[in-house]
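Mind having a look at this structure? Questions to follow.
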Amino acid sequence: MDRIVTFGEIMLRLKSPGHDRLLQSPSLEATFGGGEANVAVSLSLLGREAVYVTALPENPVADAAVGELRRYGVDVSFIRRTKGRLGIYYLEAGADQRPSNVSYDREGSSLSLVRPGDFDWAAICRGAAWFHVTGITPALSQGAADASIEAAALAKQAGCTVSVDLNYRKKLWNYGRKPPEVMRELVKCADVVIANEEDIQRCLGIEPVVAEHAAGSPDVEAYRNLAGQVRAEFPNLSHVAVSLRDSRSALYI
Amino acid sequence: MDRIVTFGEIMLRLKSPGHDRLLQSPSLEATFGGGEANVAVSLSLLGREAVYVTALPENPVADAAVGELRRYGVDVSFIRRTKGRLGIYYLEAGADQRPSNVSYDREGSSLSLVRPGDFDWAAICRGAAWFHVTGITPALSQGAADASIEAAALAKQAGCTVSVDLNYRKKLWNYGRKPPEVMRELVKCADVVIANEEDIQRCLGIEPVVAEHAAGSPDVEAYRNLAGQVRAEFPNLSHVAVSLRDSRSALYI
Amino acid sequence: MDRIVTFGEIMLRLKSPGHDRLLQSPSLEATFGGGEANVAVSLSLLGREAVYVTALPENPVADAAVGELRRYGVDVSFIRRTKGRLGIYYLEAGADQRPSNVSYDREGSSLSLVRPGDFDWAAICRGAAWFHVTGITPALSQGAADASIEAAALAKQAGCTVSVDLNYRKKLWNYGRKPPEVMRELVKCADVVIANEEDIQRCLGIEPVVAEHAAGSPDVEAYRNLAGQVRAEFPNLSHVAVSLRDSRSALYI
Amino acid sequence: MDRIVTFGEIMLRLKSPGHDRLLQSPSLEATFGGGEANVAVSLSLLGREAVYVTALPENPVADAAVGELRRYGVDVSFIRRTKGRLGIYYLEAGADQRPSNVSYDREGSSLSLVRPGDFDWAAICRGAAWFHVTGITPALSQGAADASIEAAALAKQAGCTVSVDLNYRKKLWNYGRKPPEVMRELVKCADVVIANEEDIQRCLGIEPVVAEHAAGSPDVEAYRNLAGQVRAEFPNLSHVAVSLRDSRSALYI
Amino acid sequence: MDRIVTFGEIMLRLKSPGHDRLLQSPSLEATFGGGEANVAVSLSLLGREAVYVTALPENPVADAAVGELRRYGVDVSFIRRTKGRLGIYYLEAGADQRPSNVSYDREGSSLSLVRPGDFDWAAICRGAAWFHVTGITPALSQGAADASIEAAALAKQAGCTVSVDLNYRKKLWNYGRKPPEVMRELVKCADVVIANEEDIQRCLGIEPVVAEHAAGSPDVEAYRNLAGQVRAEFPNLSHVAVSLRDSRSALYI
Amino acid sequence: MDRIVTFGEIMLRLKSPGHDRLLQSPSLEATFGGGEANVAVSLSLLGREAVYVTALPENPVADAAVGELRRYGVDVSFIRRTKGRLGIYYLEAGADQRPSNVSYDREGSSLSLVRPGDFDWAAICRGAAWFHVTGITPALSQGAADASIEAAALAKQAGCTVSVDLNYRKKLWNYGRKPPEVMRELVKCADVVIANEEDIQRCLGIEPVVAEHAAGSPDVEAYRNLAGQVRAEFPNLSHVAVSLRDSRSALYI
């Protein structure tokens, strides 16, 4: 009982070479990315049995995305091939004072068109130990939000530990709902929440009662307090993980 | 009075390197393509003053498309930056028995969202000698079809010679109209039509009364007859150009 | 009962870019090749369930070979990871008068070290409809030859149709056996043989009794006669396929 | 009397582009590397007359290795073309927490098959001022170890200053001898030894009597003591050079 | 009244890939560079109307330089196509202890052949707010020096603010004049001077009366004093900008 | 007595990738070319001892040219490093109707600045069997023409067979002499002339007395007659070789 299931959107990731601006040369590095797919691939490379669930259109580029997951040993047998597009994001690595930049072209993606009932979660989670989802999918559309909550609830019923990486993205959430309305419902189905301070504020509407930290180095105690606030509001959670990332230069991506 | 105006959609053209299948290596050649933009660039390289008109979204990849046109000396001052996406097409060059393949990802493109009145054709065509449009734009949406016919009519009023390249594409025309309903109206505004036999059948609903040609080499007389049929139905036309292309191998693209 | 099993060696294929000589630029195209693996990948792309069986060492490049097969949907669960090396071949595409050239670096490869009993053919062929092997593997070593014959015999017992592509390679067969001593035994286990005229002479020791063909175009009747000779000697065969390939220029590889 | 002779193995160095995993894209950077060849090339670029001695097979990739040495002005006239293979190493540059990784595929290399008497050291060292060898060659095979010691002894007789870079590699030394049994004999023929602390322990079996250094910065005095221990055991040495390298990140290779 | 005019030489910039030595692989990154063109492109990208003035030969590589400027929206209508060559510079990015290196191949460039009267500065500067030139152009030839001074003087007359980036380059100034003889005359036409300490010494012959700075961090007061000295000698200047650049490693270019 | 000496100009050859226009992408393939250097490299690859003589400047790109020749085993010890530049030619491979195009940037090249007496031909040709020169060098400058004739005459004296490839290039010969004035003098020193019909007309001023050939296939007899005319005028020649090249498409370069 070792399988791990992740659910989310995989996109074509088009990056200009090195630190070029987009299309400065007529070439793009073309790979696939998406937080939940990355988790599945990493777990598979570490030797775990990983299942990745998503919706993709029927076309050669989506075929290539599936092939890439399969190459890393991910179980792709529950991916549904449906209407809609393959989402795309363009990436430009920064240099010196110029920051890195991401442009999305993911409207109308197959995953944004899913609805509850589209996936047979009982079958998918049979024998699975863990189910992982992020706050990206609920940010795409009402249908994707509803499908995420349904998936987490059914995974929980099927005996999975459920983890949610809040992963707030300001450029998404354009379909009319406020993040906390949706995300608080999702977190109620979870055992583990992964977040940073901004995620907790934006997605759960929880403001830290203790100031974050003095200038310079992170104040571990303040983060411990914040995690405690989250667990106080969501007693169903066994763990709250706070991730800190220090970015030194746009030259490294 | 030398300016030439073309109107249509420019798309990001993503091609796998050499004769690779798509994403066989994690790289794509990224250029821009579109019949009407190609005409504008070619005329500019040949020393003519060319104006390209289209609608594009506000994002870095569309900026790059505009920059590329400008690099070749095309006048981009009438391009409108609007809602919608930048259309994309994926291209895979064939090899041996495997044919080349094109996949479109152009739904919701900015140009498919245009409507009559979106462009100031009187200003655009002031001082222009020629206006060129193809059957691709009318195949995208009712709005784009209406805008094409409006453009051709107003260009004609402004004193332009109007050319239409019928350019029938089976994968388009999905918005509910039959090609001849739209294209016959467009051709009524034209002076010059460019087409092959299939274009004439599909876009104008005209069947050749003389059989095409004996096996082997093209029968010039049969094409002359076909052109005569077109001019008989559309007495407004001064010229009908029939293009023939012989493809020897998928290795050359 | 649709599975197809192929057995052979997969190698790292290192090719100089374009028509360069090897190492003219400090870069090599690095893919994987091997007749039996190519058959498995092609069948999988065409929608069949394909199983590829081989022996590979434990190292990152062999891992990549397995990942590549998995990406195309090939079942890699019966590949054994053993001692020995991953074979390599270097390829240089010809140009003008210079012919293409292949250099092997495959001595001590994992597959050349296999012996009868190393694979559980009963389990591998359970439910399989077809088993395919070539004359490359028996050319590597006595152990590989014995293992090939064992595999074909057990596949036959398991109910598979067995095909053998003779595929004579002059640069191999260095371990002391004459090809017909080995290959005739292998063909006795087969239902289908694939070969050209030289393969039949070198691998089976059968000389055509009718002259090949007049200059210019292939003499179909002569090939039919040759196939008849093979079937007369090996009445177990249901089909003999003769492949003809016409090479026009070293520029196309 | 200015010529410098180095002796060792040159290998094909296959590196994945940038910080990719091996074969993540179907391309490898292909250059040649080997400590002793690097010394010869660097000295030649600095204007010295450098002679590189090794054994290589007869094939186009080994030809390219020789050509590359010649390009940098190294005298390749004493390289022997013999049986065996060209050794290969695969390199993957690390990223973030993932360390860089080297995989060897050098078994059966031409140099590992050499024996004493294979090279005419009297002729090679005529007029040479310096002879350089490392602890890599003796780690390959008994024959290569014996040939290294013979070379150093004859170079010394011919009037050369002899330097040995101990260069301990845990992944080698698989042929049955313990490093000190071989390396101590080699160092007895030398004038100069280059090493770090681990090299001295593993190759010479000498344990530092003074603890290396306090945390943080290197303790120069401790290294001076260690060098003194080496010279005490090997009074033939005029110099012991200790190299220290500080690696800050796997991103720089 | 928003246009900005810059005047100088644009060259083909040929750089070896990554940190390679020149021609280590048979490929060069080919872009265009020149301080004044870089200023025009940057201002255009920031939304200003920028005019770049230079002299270039009639050939396809110079055509490409013009196209590249046009792509970024720079007004190229005043570029003159004349006799002479397109200047070239080769660039090799350093690594570790090896510094970066630039090799010029710019003798006989079209811009080095210009003379006063070659450009119609009254027309070029009509409606322009700013004119920018550097100390590179006057370093090329007597004609280029005279043309620079003429341009600055006429731009001033036309109402432009005139800026001069002194930009001293030891490898230039080979035509017989001492930099201060020329540059002091140019600065007399300017409103703004951009320089570092060496530029001020070499181009203006002004020695700092206060020592530069204590070791470690720059002494702002010393630079303020130096700027004051420049303004004291050239009361026409409204601003003196001193640029400081700290280079940490040749790895970043 | 087996050495072959060739004398001429080697240039940096900058080619746009594939069939791109120049600088369509910001990359150029950078190799070295020149008819006489190509002959030396080819002979060296075929196992002959080849000496290449030229003049080159002192800079890293010229160093790379010398290294490249050395890599292929060519003797570069007589190359002189002098004043002047390294010549460059830009190459763009044609496609479809667009022909291939070469742009020269070779004015002021080191070889164009040579004069008689610059090379010690007696030393260079000592022990050489053959000396080869082309009509390119005499087309560069009066000095290069005089040096070519001197070289051929002294090579002849030294006992070499002298070959001249006429190689007429319309874009050269700009220094004021008519080709026959120079080339006839050069051919008088030769034993072997290589040419096509146009070369013979332009370089030697000899018009064919028999019409070239009927349409379709080359008329061997006409070429034999033409060669006879050349030998009649230059009785010193032992052989006249006429080269015919049939170009089918600009796609192959």
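Order as written gives the chain letters A, B, C, D, E and F; numbering starts at 1 within each chain.
The rule is simple: a contact is a pair of C-beta atoms (placed from the backbone, for glycine too) under 8 Å apart; a residue touches a chain by one contact, two chains touch by 3 or more.
Just so it is clear, the structure is predicted and the values come from calculations on it, not from any experiment.
Asks: Treat touching chains as neighbours: how many steps, at the fewest, connect chain A to chain E?
Replies: Minimum number of steps from chain A to chain E: 2.
Asks: Give the label of the chain whose average Cα location is farthest from that of chain D.
Replies: Of all chains, B has its centre farthest from that of chain D.
Asks: Counting residue numbers used by both copies over all numbers at the interface, does the chain D-chain F contact come out same (over half shared) or different (under half)?
Replies: same
Asks: Among the chains, which one keeps its Cα centre farthest from the Cα centre of chain C?
Replies: Here the answer is chain E, farthest from chain C.
Asks: From the mean C-alpha coordinate of chain E to that of chain F, what's the distance rounded to whole Å?
Replies: Averaging C-alpha atoms per chain gives centres 40 Å apart.
Asks: Just curious, how far off is chain C from chain B if you go by their C-alpha centres, in Å?
Replies: Here chain B and chain C have centroids separated by 48 Å.
Asks: Measuring from the mean C-alpha position of chain B to the mean C-alpha position of chain E, what distance in angstrom results?
Replies: The answer is 44 Å.
Asks: Taking each residue of chain D in turn, which ones touch at least two of the other chains?
Replies: Answer for chain D, listing residues that touch two or more other chains: 26-27, 67-68.
Asks: What graph shape do the protein chains here make by touch: line, ring, star, complete or other?
Replies: Topology of touching chains reads as other, fitting no named class.
Asks: Report the complete set of touching chain pairs.
Replies: In this structure, the chains touch in these pairs: A-B, A-C, A-F, B-D, B-E, C-D, C-E, D-F, E-F.
Asks: Would you pull the chain B residues touching chain E in the complex into a rising list?
Replies: The contact residues of chain B facing chain E are 67-68, 70-73.
Asks: Spell out the residues on chain D that touch chain C in their complex, using ranges where they run on.
Replies: Counting only chain D, the residues touching chain C are 14, 21-23, 26-31, 59-61, 64-65, 67-68, 85-86, 88, 90, 92, 101, 103, 105, 107-108.
Asks: For chain C, which residues count as touching chain E in their complex?
Replies: Those residues of chain C that touch chain E are 24-27.
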